[in-house]
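Below is one structure, written out as structure tokens; the observations come after it.
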Amino acid sequence: MITQICGLLFVLAIVAAIVALNAKDLLAAAASLSVFSFLTALLYIALGAVDVGFNEAVLGAGVTGVLFVVAVFHTQRRSVD
Amino acid sequence: MIESTLPIGVPLLLLGGAIVTVGAGLVRRSAAWPITLVVLVLSALVSVRQLLVVLAEGPLTHRLGGWPPPIGIEFAVDGLSAFVTSVVVVIALLVLLYARDAVRRETPEEEVPFFALLQVLLLGLTGMVLTGDLFNLYVFFEISSLAGYALVGLGSREAPVSAFRYLLLGSLGASFYLMGVGYLYVLTGSLNMADVASILPGLIGNPTLTIAMTMMVAGLSLKMALFPLHGWLPDAYTYASSTATAVIAPIMTKVSAYVLIRVLFFVCDPALRATIPVGSTVAWLAATGIVVGSVMAIAQSDVKRMLAYSSVAQVAYIGVGIGLGTPFALIGATLHILSHATMKSCLFLVTGSVQLQTGRRSLHSYEGLGRVMPWTFAGFTLAALAMIGIPPTAGFFSKWYLVLGGINAGEWPIVLIVVASSLLTAGYFFRLMEKIYANPSPSLKANDPGMLARISIMALGAGVLVLGVANFWFVGEVLQPALPATLRLTGM
Amino acid sequence: MIDLFIGRWPYVLTVVLMLIGLYGMLVKENFLKKLIGMNIFQSAIILFFIVHAFKWGATVPVYDHHLGDAVEAYINPIPHGLMLTAIVVSVATTGVGLALLVRIYRAFGTLEEPQVLERMQSRNRS
Amino acid sequence: MEAATESIRPFLAIIVSMLAIPLIVASGEKRPNLREAWTLIAATIKAGLVFSMLPAVLAGETFTCRLLEISPGVALELEADPLGMIFAIVASTLWLLTSFYSIGYVRGAGEHKQTRYFASFALCLSATIGISFAANLLTFFVFFETLTLATYPLVLHKETEEAKAGARKYLCYTLPAGLALLTAIAITWGLAGTMDFRAGGILNGSMATTGQLRILFVLFILGVGVKAGLMPIHSWLPAAMVAPTPVSALLHAVAVVKAGVFGVLRVTGFVFGPELLGDLGTGTALAWIAGITLTMASLLAMKQDNLKRRLAYSTVGHLSYIVLGAALINAWSWTGATLHLMFHATMKITLFFCAGAIYVRTHKVNISDMVGIGRQMPFTMTAFAIGSLGLAGIPGINGFVSKWGLASGAVAAEQPIFLGLLVLSGILNAAYFFPIVHQAFFKQNDAFPRLGEASPLMVAPLCVTAALSLLLGVAPNIGIHAWELANLTARAVTGGAI
């Protein structure tokens, strides 16, 4: 069971990472990065690292996401690639 | 191992200093420099005292929070780490003398962050040197890197771009190092250096070990700017403010070199090194780096950029010494850590002074400066001669030991490169000297910088000479006891 | 090849993530995208440690009366502790990176690498 | 056999002119008299120190001075042995004279940056004495490179494009040479385990293969041969002629080129030794290079119209006399070589002094413009005549004595071809010097400006050196016992006696 969950989370994380890198809208990219972080947080929990998972959810998905969004508002929204 | 609180003295002082600087800076901006000065003077005293104690009584250790290794984090100081700590702190102190006026003029709004970051940088670097734990080293590695990115970013308009690139590559390097540590942990189940060193001999021939070492060396090489991973360095040094360059250039790459020595010669034992081809790879890449760095330096028209490329070449000398790994080569590498730190900081302080006084930075605009800034350029000349390797300056002797080491190892092409590279170095320095001294420029309005800056430049210039003449005393008293017994010269 | 994959698929997927991150850092031209790539890369490394610490049939490293002192019953907690630090470090790096990006944008009005380089050069020429 | 005494005197002799540098700089352009006084005081003390060691050295004693260690087992070590004494005496005596002359010259010619000039000069002399007293290869190298560096600002002194080109050329030749020497020294240390100079050599055939030792010898000769002006690596020397004349005098008669030939003497006699050189066959090869150089240089000298350039080529030729003596390495040739090191210096410096005096007084540099000059500057041109006769090897002047030794050496080595070359070169010397003297005295030229002699500060030193050349030619053993010193070192190196 845990194998399937992990596998699914992995695949989703990879998809989120690819989306984050390829979205032309930087805000969407930032959001996608947050999703990616959240998925990895779930992955950590599934792999038994509960503390790391929470940490990643708060810092990785939360703080980093906010930082990125703020940065996007201070700079530009669109990206060429 | 003697239990002592000395090993954490310097990092704690710097940590406290950084906090106090920020706090006092909120009230009075001008308080930042004096506080930093006091902190650095104290740190210098502690580090020198630590060096003396280590030399007299043997290695010191401190268990953070009282937890015993290998689980707890240990600060372990032997001769080498005490030596490198002293180099870092003393050079930083000398640069700080110059920094008072320079920072106020170059980045006036960022005086407080600058000095706070400077102390955080030094905290990270001394932490890297003093810690006895591979993962803790990663943490300090990142602390120093973060402070370094920020310091570089405080410079001119272009500085943030180079700082950002440095950040990307730097994190990549740190990640590689972390991966290496991860693999090592997989293999040994321990992160304490001494502990890992005692476990590793049982793992000779394990292919994962090669991967682990390669990753660690790659990560460290990136931070050390060893060819071909030097791409971040020229831009970062060129666009950073003069003080930031004068601190970062001489000591940051050296600390990475120190960690490389620590990992390759203290954590690995000789039998293990023989099975991993890391040493010869590093030596050959570094030898290539000497040539590439010097040739690129000749091609530059901006003096600061020229010095940056020459740093690539000079760091590669240390790389050659580490890669060859014979007793003489290691003396050369460790001595060059000190001599290059001294001469490079001197050179960057001079270019900084020139830029502050006249705004000039291109090679041909240095015409006639020797006459109007005689003291400054006296220091510059000494440091430049040392870079070329003219006896009896410090730069000559570190190369001399490298040559002896190369001959011992039978690596003739490397000997040839080390010797011939002096010519390339002479090529770009004498071109500059000729401009400085032989081309009068009557319209030039400039004079030597203020007393503090002059003291630091002259002290560094004189240091190059003193270190050269007294090099063997230094090698015998400090560097030899600092190296592992198997890598000492026989009969010493 | 398949055998390699079956036993170690989490490692393989970690490496895939790492490569995606590296791709972002090296190929993407937008500075923000490069930073996103760096984040992904660092997450992949953290994942590598966590995957390594994982053991089949073991549980979270909290003392359990039913399981007692048996070491093999618990997942190794040390990598977890280390990775907590690594996450903090990575967030701090991201923060510094973003601060630099804001400065770059103020100086050059863009975050696209080719344009920034072009503007740097044209300024140096003038 | 030899008694060695610990003494600080060799060290003092080196350091005294270095100590003068801060004083010279501190006095600066504002107090030129005080500045020159420091130079003269340092020069006098230096000469005094060197001469104070002479009696003991003649009695077979040597003075050693071991300073701090600079590399494992290798100290910055000084030793005043007979060969070193010869060079030190030449350098310190002629520095004293050159100092007087320099003062007259730079003031007469209105040179700029005189402080830098005198400071570099003092450093040069420190390095030169260091070279002569160096007891091991590394110490030798340290001073050898210091000399290279100290001479650079002197060549650059005029700061014209020509001076810069000359200085650049000087570095392009001497720096690679220094590196070749450094490599050779490192290898020697690897082979022999010592760097000390020892009469008769420290290397022997069992240490490495013949091929390797030959390569080592080539590296050594490349290292010291550039300064010694061996062809084809001599061309920096005429280019360096742009320097002020006292510098040329120093470069060509005292410090730099003599340091080069002194290096050749140390390498052949004290590192390789006669036996090994004979076994390797490299001695003969070096002798051939020297033989070709001395002939070619004399031929080239004839083509020069610029007086200083002609003197430069003449120097190239005469240096090769010494190298030839060092390469043939028997008691006679060695005596001749060391004597020529000393005697060529007195003669050549006379000629350069004369060239400088003419330049300062008349601003003429080309020989073709100097017709009839002898009437105007009788003392100068008489001294010139003595110097050139000596270089041509006319008996009665010291050049004859040393050439006699060299010629006997060629005979003793059973290499009559070199005897032939020596004679030929003597004739060529006469052929390029006598026309200058002849046209100076015996051709009428009423158009020549009636300016008279240069200042006494310049004329007196050149008369002294000319007189010295005469005196040593008549009685080579007078005063400094040159003949005896040369014999002492020849006996030590070759084991033979005259």
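Note that the chains take the letters A, B, C and D in the order they are written out, and that residue 1 is the start of every chain.
Here is the rule we use: contacts are C-beta pairs under 8 Å (C-beta built on N, C-alpha and C of every residue); 3 or more make two chains touch, one makes a residue touch a chain.
From a predicted model like this one, the values you see are computed outputs, not experimental measurements.
Participant: Taking each chain's centre as the mean of its C-alpha atoms, which one lies nearest the mean of all protein C-alpha atoms here?
Facilitator: Chain B is the most central one.
Participant: Given the two chain pairs B-C and A-C, which is bridged by the higher number of C-beta pairs in contact?
Facilitator: A-C
Participant: Using CA atom averages as chain centres, what separation in Å is found between chain C and chain D?
Facilitator: That gives a centre separation of 69 Å.
Participant: Centroid of chain B to centroid of chain C, CA atoms only: how many Å?
Facilitator: 28
Participant: Need the CA-centroid distance for the pair chain A / chain C, whole Å please.
Facilitator: 10
Participant: Averaged over CA atoms, how far is the centre of chain A from the centre of chain B? Could you give it in whole Å?
Facilitator: For chain A versus chain B, the centre distance works out to 37 Å.
Participant: Chain B: which residues touch two or more other chains?
Facilitator: none
Participant: Going by the touch rule set out above, what shape does the chain contact graph take here: line, ring, star, complete or other?
Facilitator: line
Participant: What are the touching chain pairs in this one?
Facilitator: A-C, B-C, B-D
Participant: Considering only the defined contacts, which chain B positions touch chain C in the complex?
Facilitator: That would be residues 71, 135, 138-139, 142, 145-146, 149-150, 153, 157-158, 160-161, 163-164, 167-168, 171-172, 175, 178-179, 182, 185-186, 191 of chain B.
Participant: Hey, which residues of chain B end up touching chain D in the complex?
Facilitator: 385, 390-392, 396-397, 400-401, 403-404, 407-408, 415, 419-420, 422-423, 426, 430, 434, 437-440, 469-473, 475-476, 489, 492
Participant: Quick one: in the complex, what on chain D touches chain B?
Facilitator: 68-72, 76, 141-142, 145-146, 149, 153, 156, 159, 163-164, 167-168, 171, 175-176, 179, 182-183, 186-187, 189-190
Participant: Going by the contact rule at the top, pick out the chain A residues touching chain C in the complex.
Facilitator: 6-7, 10-11, 13-14, 17-18, 20-21, 26, 29-30, 33, 36-37, 40, 43-44, 47-52, 55-56, 59-60, 63-64, 67-68, 70-72, 74-76, 79-81
Participant: Can you list the chain C residues touching chain A in their complex?
Facilitator: Residues of chain C touching chain A: 9-10, 13, 16-17, 20-21, 23-24, 28-30, 32-33, 36-37, 39-40, 43, 46-47, 50-51, 53-54, 58-61, 75, 79-80, 83-84, 87-88, 90-91, 94-95, 98, 101-102, 105, 110-112.
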